[in-house]
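Structure first, commentary second.
Think of it as A, B, C and D in the order they're written, each chain with its own count starting at 1.
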Amino acid sequence: MVSIIDFINSLDNQVISIDIPSGLMGDKLFDTKVPKIIHANNTLSIAFPKQVFFLAEATKYIGVWHHIDIGISEMYQQMVAAEAYFIERKDVVHMLNPRNKFSHKGTYGHALLIAGSSSKMGAAVMASKAAMRTGLGLLTTHIPKSAVDILQISSPETMLSIDKNAYYFSGIDLLSNYNAIGVGPGLGLNKESHIALKILIQNANTPMVFDADALNILSENKTWLSFLKAGSILTPHPKEFERLAGKSNNSEERIELQKQFSIKHKIIIVLKGANTSITTPDGKHFYNSTGNPGMATAGSGDVLTGIILSLLAQSYDPQTAAILGVYIHGLAGDISAIENGFESLIASDIIDNIGKAFISLY
Amino acid sequence: MVSIIDFINSLDNQVISIDIPSGLMGDKLFDTKVPKIIHANNTLSIAFPKQVFFLAEATKYIGVWHHIDIGISEMYQQMVAAEAYFIERKDVVHMLNPRNKFSHKGTYGHALLIAGSSSKMGAAVMASKAAMRTGLGLLTTHIPKSAVDILQISSPETMLSIDKNAYYFSGIDLLSNYNAIGVGPGLGLNKESHIALKILIQNANTPMVFDADALNILSENKTWLSFLKAGSILTPHPKEFERLAGKSNNSEERIELQKQFSIKHKIIIVLKGANTSITTPDGKHFYNSTGNPGMATAGSGDVLTGIILSLLAQSYDPQTAAILGVYIHGLAGDISAIENGFESLIASDIIDNIGKAFISLY
Amino acid sequence: MVSIIDFINSLDNQVISIDIPSGLMGDKLFDTKVPKIIHANNTLSIAFPKQVFFLAEATKYIGVWHHIDIGISEMYQQMVAAEAYFIERKDVVHMLNPRNKFSHKGTYGHALLIAGSSSKMGAAVMASKAAMRTGLGLLTTHIPKSAVDILQISSPETMLSIDKNAYYFSGIDLLSNYNAIGVGPGLGLNKESHIALKILIQNANTPMVFDADALNILSENKTWLSFLKAGSILTPHPKEFERLAGKSNNSEERIELQKQFSIKHKIIIVLKGANTSITTPDGKHFYNSTGNPGMATAGSGDVLTGIILSLLAQSYDPQTAAILGVYIHGLAGDISAIENGFESLIASDIIDNIGKAFISLY
Amino acid sequence: MVSIIDFINSLDNQVISIDIPSGLMGDKLFDTKVPKIIHANNTLSIAFPKQVFFLAEATKYIGVWHHIDIGISEMYQQMVAAEAYFIERKDVVHMLNPRNKFSHKGTYGHALLIAGSSSKMGAAVMASKAAMRTGLGLLTTHIPKSAVDILQISSPETMLSIDKNAYYFSGIDLLSNYNAIGVGPGLGLNKESHIALKILIQNANTPMVFDADALNILSENKTWLSFLKAGSILTPHPKEFERLAGKSNNSEERIELQKQFSIKHKIIIVLKGANTSITTPDGKHFYNSTGNPGMATAGSGDVLTGIILSLLAQSYDPQTAAILGVYIHGLAGDISAIENGFESLIASDIIDNIGKAFISLY
């Protein structure tokens, strides 16, 4: 067998694997001693994508994978306990709450976003605009005093809560009006912001979304994790996740760590990347199907924070807010890539296409 | 009969009512003791929509209603005194004043808008832009001193009157240049603004539009209502209306209260919501046919204030300014929803589509 | 005859006049004693529009006029001395200088615009953007110190000359770099600005465009008119023209006054309105064919100033800069009206459509 | 022969030259004593464009040139050593690095841009936006303190490094995070900026792009040229190149000087103009095929700096970054000209069309 694999891999031909490349296991990575595995250009996966497809290390064997439906009944699919769920259009299309005729802006919640510091106010702008584009009734963004003009010019729909400090987050008084709180985009790492974040966590009575520098501060204060409200959502990229939860040797180990971390701290983890991985306190695991490498660009994560915060404030339960938010974000990015290409895609494009993403789910 | 209604309501079938669901009255809500009523998915209303269709409490019985024209002559329709008029395209299309070839910007009026406070300057931006997009010749927006850059960057067509206070409305000197005055969006509730509003009401010689915090200040100073110029327009949402006119037990009572309030204070009330309800000093009552629940979003009301102010300054009479303004606002929102969906619709979209709304009336 | 005119005018029928409505003279207004004249809905003018078509007072007799070509040869047309020329596409299409392959931004001139004061900085923004959209190589806009952010955010292509005064024009040092100078949009009437304008006129060595408050200051200092560089262009609206040149009893007298004023002061006058009227120092008179009443909106004139300044700096002779500028401005406005309707047309739309106006002349 | 050339040149007919106008040499300019040469309207060049086509002085003889393919094999073309290469779509289409599925924003580099001074902050805005639109992962723009709002409002995706000076570049501390550095757009010529640039050159450990005022400062400090990192890219227009490398009598001499300058200082020179000329340290010479005279407008060069900086930070080698960057810039300009015409094309249009330029290379 090995000699055939070597022979096939030595050819210039297009290589197509059926179900999974020979030599590769469906549900886990190989050992460090790399075995003989077919290097396919395309893999035609039968019935379901395999777990290993979502691990970066396996991509050189799998090439581009395609899903071949063989007619397994939906009912049977739901009976089988899967290790992980692959979130597609059919899964999110029923998650959308319809907007009632006699509803008003109060129906759609009031979110608080805490974001921005002197050299990174754009993050607050992008998260705010994304939140407003995702169905929110009212948004208040808490920003350092020097960012007042920036926010009001960039997003007139956003109301402000103005920090007494000009350059970074030093604290916020009133928390009673809000249905959900998001914190982190462009926040900076000032020591005073550490303390302000601690007090915020203690005082908040609503589910929260943590991103970016809020995660970095959490990483330096891991005891605070036990004070997070149940159902809080953390949205790290792999580097931020490593700071939070420790190093992994490969993406398989990182996924395992993510699952345990969600269960242990009773929080949802949205681990950003290709096929963003979402884990929940009750041990569920989801991979997202939308998104593209053009979204690997500054501010893309700030937009995701705004989207998830917006859904949370509209009373979507945290698991739905995370799954639907990640899906919409990726879909808006896919629409952006069609318009502007991968290279020219910037985070503001994703915001501009949230509407088209929603419409494609109607 | 009742047993049939129960039986029909117990079915999974689509239920279609002809004219009105059995058990529901056309012109008023049922008592608190809820009777047996068909729960229709769709109601095919003969000749005219019934009054009860505009009451939120009845929507679960009516489902989505459709209008079936049975050819009643226009002349006969006008002879019949209706309790309320349902404003459709045919009603507003003749309200539009054509723009004369030799007209100039002076022909189209000079409006004054008083809006914005430190954390809500965006409301001033949105109302200003909406006013300019609705045919106005000249706009001066009076804003706190700290908002100068925000306004001039966001709406270069708008001229400024600059308050000596940096953060809120503290007073305005010159009122003689203006054809209409609008006040309220993002105004805030500072005590000094209370006094400034009182003086403004005393000194103004033109029709005025009151919205948002100007309504909230009026609610705390109800004696001022008798000083409003005849033909002034108030644009509360239901919560603001309650503060102004008191509580109601249901939407039917609220409509009745609205009618009496308009007559008593000789003002037009635009009660915002699905099928926005407009009442006049001479007891007329109108329901709007445009708009959608995507417009339940921050700033939507500020845009309406700008639109109505603009029409008033162009010498539309107050009733026409209110009816046409509400219709255009809803239509621009409906066009926005087609482009961006209900969730992604933001107030700035409505402004951007005012032009297409006008064109659809040509 | 009179009884027939009375009879026709009493009918409800559509009235169409051939060449000119009976009773109306082609080249002048009637006396104050108004004669019997047909009130046409449409006038089908043979060969050329008549002078009287451009006078506002006659519009109620003429209705909408249309031009019927009867094949008079172009050569013969050019032999006949006309009182006034009606500028159409065929007249401007050859005025456009082609852009040479090996040209560079220096080829297209460096213009100076002096504009804006504390409450009217938007005028500086709109004139600057319009200038850059009209083919200019480089633009420096001189603004009060407090407007630095406003300009740089709104028009990054524009370089600044920063006045030492925060709120109005108090003077400018260096004038040697520029190919043309425009002054006036949003300038304000501060006394210091009067003096600064006087010094500017004395020191300038290039053709200049005067608009808005620069015209109002000139009106209060009419002796300065004799110091204007030959070929300077003034762009008043009728009110500003009245302040400059005195009152007229009707639009016919105003046109006559405009011609004399151009000759006497050796300047081009662009009298803005329907069919903008352009007169030159050598007694020529032009009516523009583009434009619409949607352009009767704040900032429309600032855009025209930017356009004409831009053409002047690109070495178009002053007469061509005025004629071509007015034509392009009107055409961009006509394209805007198709997109947004007359009511929603704002000055920024005109700027956005300058490109399409140019393309339609290729 | 001469008499025939004179005779042809005296005709009104369209003149078409095959391969090259008679009397003109393919690879160099004529002497100062101008010989008899055909003045063609169009030249149909056989197989390859001739070197002389890229010299401004020859354009009056050549008219518009067209390329006639006679089927010379690609392999043979590559065997022939050419004096200069004409960069077309087929040459750049393989230069594009595909974006890998499991890549993240770190994969696409972190660039530092140093730009802007008090009256020219727009240059920093345009270069920043262009960099983000060209595939960059992260951008930090170093700006004077007073430009913080301008940048964050105009480009929220850009992070800031804030100079302690309010109005110009006075120095930057941390350089270790960046994959490439660009300096110059709108920088100004303050003496302190001279010193800061010197220190920057000494401390930088990455390839750099020098433009605009950074080139002007280099011109006054030519000894610094020997300290530039190998592979640095300079993007002068002809005037800036003259200041750097000295005068030339014609464009042929200037090209020769450019080649020698690149070799001597081990830098890439991008000499901007029609068919931008690129020379490398190993003596290669390239002419660009995209672009149009509408791009002769303020800010066009700032956009190019942003594009090249972005590619350099993404690990394109300097020669590829220069060639691909110049090609994309010109192509985005060509797409802009189709939309807006030559006259209305502004630098911001080029930025907006970078995405469509990339897509046209897929």
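Note that a contact is a pair of C-beta atoms (placed from the backbone, for glycine too) under 8 Å apart; a residue touches a chain by one contact, two chains touch by 3 or more.
Just so we're clear, the structure is a prediction, and the values are computed from it rather than from any experiment.
Chain A and chain B carry the same sequence, and matching their CA atoms takes a turn of 90 degrees, rounded to a multiple of 5.
Judged by shared residue numbers over all numbers used at their interface, chain A and chain D contact each other through mostly different positions, with under half in common.
Chain B and chain C have Cα centroids lying 39 Å from one another. In this assembly, the C-alpha centroid of chain B lies 55 Å from the C-alpha centroid of chain D. Shared interface positions of chain A, defined as residues touching 2 or more other chains, are 149, 153. Taken together, the chain B residues at the contact with chain A in this complex read 56, 59, 118-123, 125-126, 146-147, 149-150, 153-154, 237-239, 273-274, 292-294, 296-300, 339-348.
Put simply, chain B touches chain C in their complex at residues 96, 99-108, 132-139, 148-149, 152-153, 155-162, 354-356, 358-359, 362.
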